[in-house]
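Just so it is clear, A, B, C and D label the chains in written order, and each chain counts residues from 1 on its own.
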Amino acid sequence: MEGLSFSTDVRIRFAETDAQGIAHHASFVVWLEVARVAYLERNAGGYQAIRDRGIEVLTTEVRLRYHRAAYFDETLTVWTRCTDLRGARFTYEYRVERGDKIVADGYTRHATVDRETYRPTRVPAWLAETIATAESSSA
Amino acid sequence: MEGLSFSTDVRIRFAETDAQGIAHHASFVVWLEVARVAYLERNAGGYQAIRDRGIEVLTTEVRLRYHRAAYFDETLTVWTRCTDLRGARFTYEYRVERGDKIVADGYTRHATVDRETYRPTRVPAWLAETIATAESSSA
Amino acid sequence: MEGLSFSTDVRIRFAETDAQGIAHHASFVVWLEVARVAYLERNAGGYQAIRDRGIEVLTTEVRLRYHRAAYFDETLTVWTRCTDLRGARFTYEYRVERGDKIVADGYTRHATVDRETYRPTRVPAWLAETIATAESSSA
Amino acid sequence: MEGLSFSTDVRIRFAETDAQGIAHHASFVVWLEVARVAYLERNAGGYQAIRDRGIEVLTTEVRLRYHRAAYFDETLTVWTRCTDLRGARFTYEYRVERGDKIVADGYTRHATVDRETYRPTRVPAWLAETIATAESSSA
């Protein structure tokens, strides 16, 4: 997937469908989170490791465009990369695919806060460097 | 509803349905929780008040029997009462109705723990008395 | 709320919170849907009436910006209006408020499809007119 | 796992946690469903294959006992077997484990219905035999 460095697969659960017979659109928001957690596990020792160092990551924006319906038991591939890491803010971009068809795409924006005070705090240098390395090596 | 002292209404959300065209069975577990929160608001100043006093309430058991399917946008009435309050444990019983039809029934069991240590701690006397009063006055 | 004609209240459920102690960001996507359903009940005889006439409404885009965290048991007011109704497509705009504070805002885009074929079909005239009347009378 | 013939792993998602910092108890109900779907994929060509033959499987009862809290990003193993298959009804038993610790156990009961009429219909012979073979070979 051009430009997006990392992917993780999600199998659509029956509980994630709705009475239209398709995956409910809110389910995709959860799958993007699953992809971020997998990305951080690969590239930064895991989201829990970040939390354990006193940082919480908030979601400040979600944008998703749905191009095709997705169905129970299908396997979707969520491609993602981390971009625009500056200060306490960064962005993930996504493409959700089924085989060679695009099902959805979008981005989420995030801010790092101190776990005790919930005040904005810069993305720690170790994390910023780890992500920069991951993204440059995959380009 | 015979014996069950309190009720709260739930309107079935589209996101709570599944590809069978009915409310997903896990949605009912959330509605029972909504009923408990409403019950505690009426009878004990709210669940948050209990948490603010250093107590967390864990769910230790769920049992639900489903008698009829429920559908998008229907209003269900969740009848409940609190019983068997002893030490750090208590039970809620439920009947979920649509009009005069029973849709589901069951119970949940709970344990109170200290919010810091997550060790079992007796249900505080003020809460036990409040619930005893609520249940005896509704009998 | 300036420009947004309709509001519905949502009480945050415990199941909608996450381990950050706040409402999970995907929960908001469900609340926007709750607001749309309430809007259609007020203005068009309900979403089920639309489905009963052979129309299904798909969500084609979601955009949400989160301005403040929201917490268990808080009541949020979801303000909304329907705009840009053209052909088989329309948009809802939202502001989610707690008291006089904005918690989130955004929009969703939708397309109407035939319930049997899932092919795009124009928004029926009766529905377009009903919504136009609702929005003009609230301006 | 003694007596339970099949297992599938579930990784706890952040969206599945709650403000107690643990996996929400309703999440387990969804994981049991994930295990049933995986079981049917292994033993009966998949749940979708059953639906494609005109059968829908309803959940008529859920019982879950929670023995330990489970946390974000942990991997749980859901052990299951299918039992008591008679007429239009059958049962799944479960043990949910983290390493060698039991986290939860319970059962769900189900009924097969005709997909058009939603009337009870016997479990098809091919499915009953497939499951009987799977369970006897694993004993």
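The rule we apply is simple: contacts are C-beta pairs under 8 Å (C-beta built on N, C-alpha and C of every residue); 3 or more make two chains touch, one makes a residue touch a chain.
Just so you know, these numbers come straight off a predicted model, no measurement behind them.
*Asks:* As a test of understanding: of all chains, whose mean C-alpha position lies farthest from that of subunit C?
*Replies:* Of all chains, D has its centre farthest from that of subunit C.
*Asks:* Nearest whole angstrom, what separates the Cα centre of subunit A from the Cα centre of subunit C?
*Replies:* It comes to 24 Å between the two C-alpha centres.
*Asks:* Would you kindly tell me how far, in whole Å, the mean C-alpha position of subunit C lies from that of subunit B?
*Replies:* Once rounded, the distance between the two centres reads 28 Å.
*Asks:* Which integer distance in Å separates the CA centroid of subunit C from that of subunit D?
*Replies:* Chain centroid spacing, subunit C to subunit D, equals 34 Å.
*Asks:* Do you know which subunit D residues sit against two or more other chains?
*Replies:* Counting only residues that touch two or more other chains, subunit D contributes 14-15, 26, 30, 33, 72.
*Asks:* For the protein chains shown, what form does their contact graph take: line, ring, star, complete or other?
*Replies:* Graph shape here is complete: every pair of chains touches.
*Asks:* Which part of subunit B faces subunit D closely enough to touch in the complex?
*Replies:* Spelled out, the residues of subunit B in touch with subunit D are 20, 25-26, 29-30, 33, 56, 58-66, 69, 118.
*Asks:* Considering the complex alone, what residue numbers of subunit A touch subunit D?
*Replies:* Per the touch definition, subunit A meets subunit D at residues 13-15, 30, 33-34, 37, 46-48, 72-73.
*Asks:* Enumerate the contact residues on subunit B facing subunit A in the complex.
*Replies:* Against subunit A, the touching part of subunit B is residues 14-15, 17-19, 21-22, 24, 26, 71-72.
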